[in-house]
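For reference, the structure discussed in these notes is given below.
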Amino acid sequence: MIIVLRHGTSQQEVDEIVDRLKKLGFGAHISKGTERTIIGAIGDERQVNLEEKIGVLPFVEKVIPILAPYKLTSREFRLEDSVIEVGKVPIGPGKFVVMAGPCAVESEKQLMETANRVKEAGAMILRAGAFKPRTSPYSFQGLGEKGLKILAKAREETGMPIVTEALGIEELPLVNEYADMIQIGARNMQNFRLLEAAGRLRKPILLKRGMMSTVDELLMSAEYILSQGNYNVVLCERGIRTFESATRNTLDLSCVPLVKKQSHLPIVVDPSHGTGRSELVPAMSFAALAAGADGLLIEVHPNPIEALSDGPQSQDPAQFSSMMAELKKIAGLKGRAM
Amino acid sequence: MIIVLRHGTSQQEVDEIVDRLKKLGFGAHISKGTERTIIGAIGDERQVNLEEKIGVLPFVEKVIPILAPYKLTSREFRLEDSVIEVGKVPIGPGKFVVMAGPCAVESEKQLMETANRVKEAGAMILRAGAFKPRTSPYSFQGLGEKGLKILAKAREETGMPIVTEALGIEELPLVNEYADMIQIGARNMQNFRLLEAAGRLRKPILLKRGMMSTVDELLMSAEYILSQGNYNVVLCERGIRTFESATRNTLDLSCVPLVKKQSHLPIVVDPSHGTGRSELVPAMSFAALAAGADGLLIEVHPNPIEALSDGPQSQDPAQFSSMMAELKKIAGLKGRAM
Amino acid sequence: MIIVLRHGTSQQEVDEIVDRLKKLGFGAHISKGTERTIIGAIGDERQVNLEEKIGVLPFVEKVIPILAPYKLTSREFRLEDSVIEVGKVPIGPGKFVVMAGPCAVESEKQLMETANRVKEAGAMILRAGAFKPRTSPYSFQGLGEKGLKILAKAREETGMPIVTEALGIEELPLVNEYADMIQIGARNMQNFRLLEAAGRLRKPILLKRGMMSTVDELLMSAEYILSQGNYNVVLCERGIRTFESATRNTLDLSCVPLVKKQSHLPIVVDPSHGTGRSELVPAMSFAALAAGADGLLIEVHPNPIEALSDGPQSQDPAQFSSMMAELKKIAGLKGRAM
Amino acid sequence: MIIVLRHGTSQQEVDEIVDRLKKLGFGAHISKGTERTIIGAIGDERQVNLEEKIGVLPFVEKVIPILAPYKLTSREFRLEDSVIEVGKVPIGPGKFVVMAGPCAVESEKQLMETANRVKEAGAMILRAGAFKPRTSPYSFQGLGEKGLKILAKAREETGMPIVTEALGIEELPLVNEYADMIQIGARNMQNFRLLEAAGRLRKPILLKRGMMSTVDELLMSAEYILSQGNYNVVLCERGIRTFESATRNTLDLSCVPLVKKQSHLPIVVDPSHGTGRSELVPAMSFAALAAGADGLLIEVHPNPIEALSDGPQSQDPAQFSSMMAELKKIAGLKGRAM
């Protein structure tokens, strides 16, 4: 932690900071520049919030953290890429895992048809929501446990593990009973109670980046889960909010190589939510793979025109299938098995 | 709802849309322009998500909603400004209510001292957190129920009602036992399970705008609470996220007159979180009052230098007191009692 | 400047940096922390771009500047608030200067009528564009020199000095001939050639903040002008771009107290562009004054319904007049003459 | 153009709008919904700014444009992809053109060495700045004409055409004398005077997207150039500004397929500025190609550690060369010659 003092700070004030640091268990290294004095705090800055404890002093101009605030999530904590097993499907280096399915489970017929079609095309994990987060209380909220049961049936029939979302703690045990991987959605990325509860499970968690969250915050939210003992976390980039309105969100693909540098956790990309427009999904899927992502989350609906939610961003099985064919070629080049 | 068709759409396709609209209970009004055909869907668009159901058709270029998607929250639903009673303190027209206190309850001594000082200066509601949302799992998380008990004692001693945050459903009953108004924080603005649960109470809810949420989404989240029967909602602007990094957030004061036009609910402003810098708090507090806000949420700490959280944005009692004196003058001009 | 080294940097590499700093004229102060070594560069970091010269070294993790990169613009360079004289109207402490007029000069009749009406209501400077920046090449581009002549006539008749925009260097001499203050628009805030040319004049410059520029960048653009010898700069906040689409821009009023802390230059606010909605202009004008702004830039049109540009955000003379009456009351409280 | 009237608008007011539209040369189509009346304006809305002329009426709630405001730039104007010839290098379908070179020309030795190295690795166009836009007036501003002469020499030696930036109108003739393609930088994307002047040339223009600009605005700025008769425009995505601070900008790759849908102009990507971090450049280059871009703009410096500008985002020749090898493989798959 670097502490920058205001112009004209007295020696007495410098001493006060050094003293304060000592009480907090830190050493101090003082450096007097031409216009400013700077103090380096020496110690483990992740244990104490120095930014608050020192930044509040009136003669401190700013406090600059040096270390990323996460530990277990960091590349320094674990040098090799983590491999997360979802059912029997490993997500991690050397693989490119496509998770596909409808936005929401609407009926057994709809899900079975989609599951069979995406499996044929090469998808390895089935995705669909039984509990849906909707901005309007008047929108379709999902089939609930009935949806989970249909998902379980689809797993039985196709052999694909399933990933589905839990919206709150109270439904977590139920979702945990059925799902092979539990999704925590973008709007819940900083629902700290839900993160803690997910951390107490041992089931893989698919943690989506909030539309307002930095990569550092995404990794901090993952840290909430890991710090409770659950190391099975897959991150997901799904677009952030910007001033551009031609797409639903702005898919931030540079997040992929950035996360790879900073963390050992796998990261997948959701171009369906990331763009909100099915005609942009193939291009952004190819780009995600080329950028180094470990997989994709794709919305596919047997008949997008009849979908109860997210139709405009869903692909139909034929579009999905032709996209998969091209993905396989690029995956071959990148040394990733699909 | 306006449906814009792609260039070159055939009559048969137009008929298909009209037919589809009819099945969904809508009339259709067709208008052929120079380059595009446009269809007006006639019916209550808030009952059916036409954007999804029609937007998904391949010959539809876009679907444009005409009505705001909220009802109970809207100014059209209720023309007069709502007055929300917190304890015996009314928030609404003709009043300007300052809620003040430390970010977190740290100890009985700290809270009592703050409570007495802010009351002296004219604050009407006491604020402080017992459960704290923190981006890091390693930061101070609040005193929990012990903090709530200290808050109750401060209410007893000072007569001020208290507002404090609930982070999740599981602690909502406990917070409800102690608080006069329950805060739902910015990160939980779209925690729909928590909104629903808050809607089943009858206690006033202080709903903070998410840092990446539009005003329309804020009103939709309020609608979640009202739609469950709890009409006691106070909105709070606390800054949104932008590229500007000199302030912690960008306080969006134009949100105040905008909410006033679109909704009957009161709106207060939190310049402490909105700027993150205590030296900017007075200017932004004056501005909020001048812009028409119904009140403020201000962080005050008896000794910001020793605060366990948010010290840099907290005012000390003397700063707060002098700010209150100037606020009273402006409130007088604006016809608002403090 | 603080240089943070990567984990595991060798002594030889540290020496290489120290050596490099020495050649650039800087001293070095080394501080070895628990996990990182940090070097403080001692010298005038505004003369050399260390962020580039040192940040490029492979064993450097990041370079953190300590000083703001502007000098002449800074509060440290000049402690007292600057007063800029526009014609005979001073902008600065103790005053609140309202500049009003139509978006564009459309005709002599339109301008004269507006000028007389805004003067009656208390405006002190007349604003109107003769050269208009338009996103579409097919939109009305302004009357050019004819517009400037009409402006000069309005000045003669009303005695009000005039502020009008120059879009490029080639029209700067012409605008300089007629205007009392030359506006550089938001889209030109980083048109460095235009800034340099404006710096070679001695006429007051109204520099608008770019819609995606930080406050630091605004001050750097001002520095371009001051560094050429023209110290007559008035800054203008006119809204930044965010994800919120209910307003044309998000007016960042916290920019006002922030600029006051960091710079001696006056700052005015343009709520007409900042909100894009005339019904929000009064509330945001009151807020700007309360936040400490030195003045306002307001669009007024005798008949907004017939305006050739920006009608929706223009006030009519009656609205303007009633807003001015309320502004005067608040100005009184704030010790600012109008 | 769709005109949405406020709740409760009278028949007389509807008539007033229809009348007004008629005078502006538009037909009107009235559609009365359950809660709102809507009027479709029939005519060429690109000729008249109805949003301003009608939106200003007090009983109009909003005006919604239906057509994109550009013509010559649009895919509807020209169905096939345009091919732009830079020297003898075509940019367009079936090709993938890498333009590489240092941020700035620093010396003959530096440029010659870079030119030879990037040519060896497969680059087809040489890029380097002689006039540099710098946020600080105290930073290195480029070698000016001397730099252009060095560029010309490098072209002679290597046979590669050159692309370099013009910052203002006054240097445009000079740059035009030397360059094969003239760059208009991000900060100048809405410098309308410069766009007009570039439109009067016939030389290819590389137009970079502003960091605050939507894709629609980028296409409108291109329209400024095309509307003056210069159809030789190549667009460039170089990152937009968001709240994420770990990268210099957020590279918006979904811009690539979006532009391809809406326009016939080629689009290239600049991952060096888009990320600001050389270690992220390869991943984002692969992603850009996979997303359908027509080429790249890459900063390469023979010795990034000694670069006078943008060192941290420059690749060295070895990194560049190995990246080119992998790009060629992906280009093969995508049917693009390199």
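First chain written, first letter: the chains are A, B, C and D, and each begins at residue 1.
Here is the rule we go by: a residue touches a chain if its C-beta (ideal position, glycine included) is under 8 Å from a C-beta of that chain, and two chains touch if they have at least 3 such contacts.
Bear in mind the structure is a predicted one, so any value in this text is a computation, not a measurement.
Minimum number of contact steps separating chain A from chain C: 1. Comparing chain pairs B-D and A-B, the larger number of C-beta contacts belongs to A-B. Centroid distances from chain A, each centroid being the mean of CA atoms, peak for C.
Annotation: 31 Å between the Cα-based centres of chain B and chain C. Separating the centre of chain B from that of chain D, both taken as means of CA atoms, is a distance of 39 Å. Chain centres here are Cα means. That of chain A falls 26 Å from that of chain B. Across the assembly, chain A contributes residues 212, 241-243, 245 that each touch 2 or more other chains. Residues of chain A that touch chain B in their complex: 46-47, 49, 51-53, 55-58, 69-70, 133-140, 167-171, 187-188, 190-194, 196, 210-212, 217, 220-221, 223-224, 227, 241, 304-305, 307-312, 314. Listing the residues of chain A that touch chain C in their complex gives 2, 4, 7, 29, 31-36, 38, 40-44, 64, 66-67, 76, 241-243, 245.
Note for the complex: chain B touches chain C at residues 212, 214-216, 240, 242-247, 250-254, 256-258, 261, 274-275, 279-280, 283-284, 286-292, 329-330, 333.
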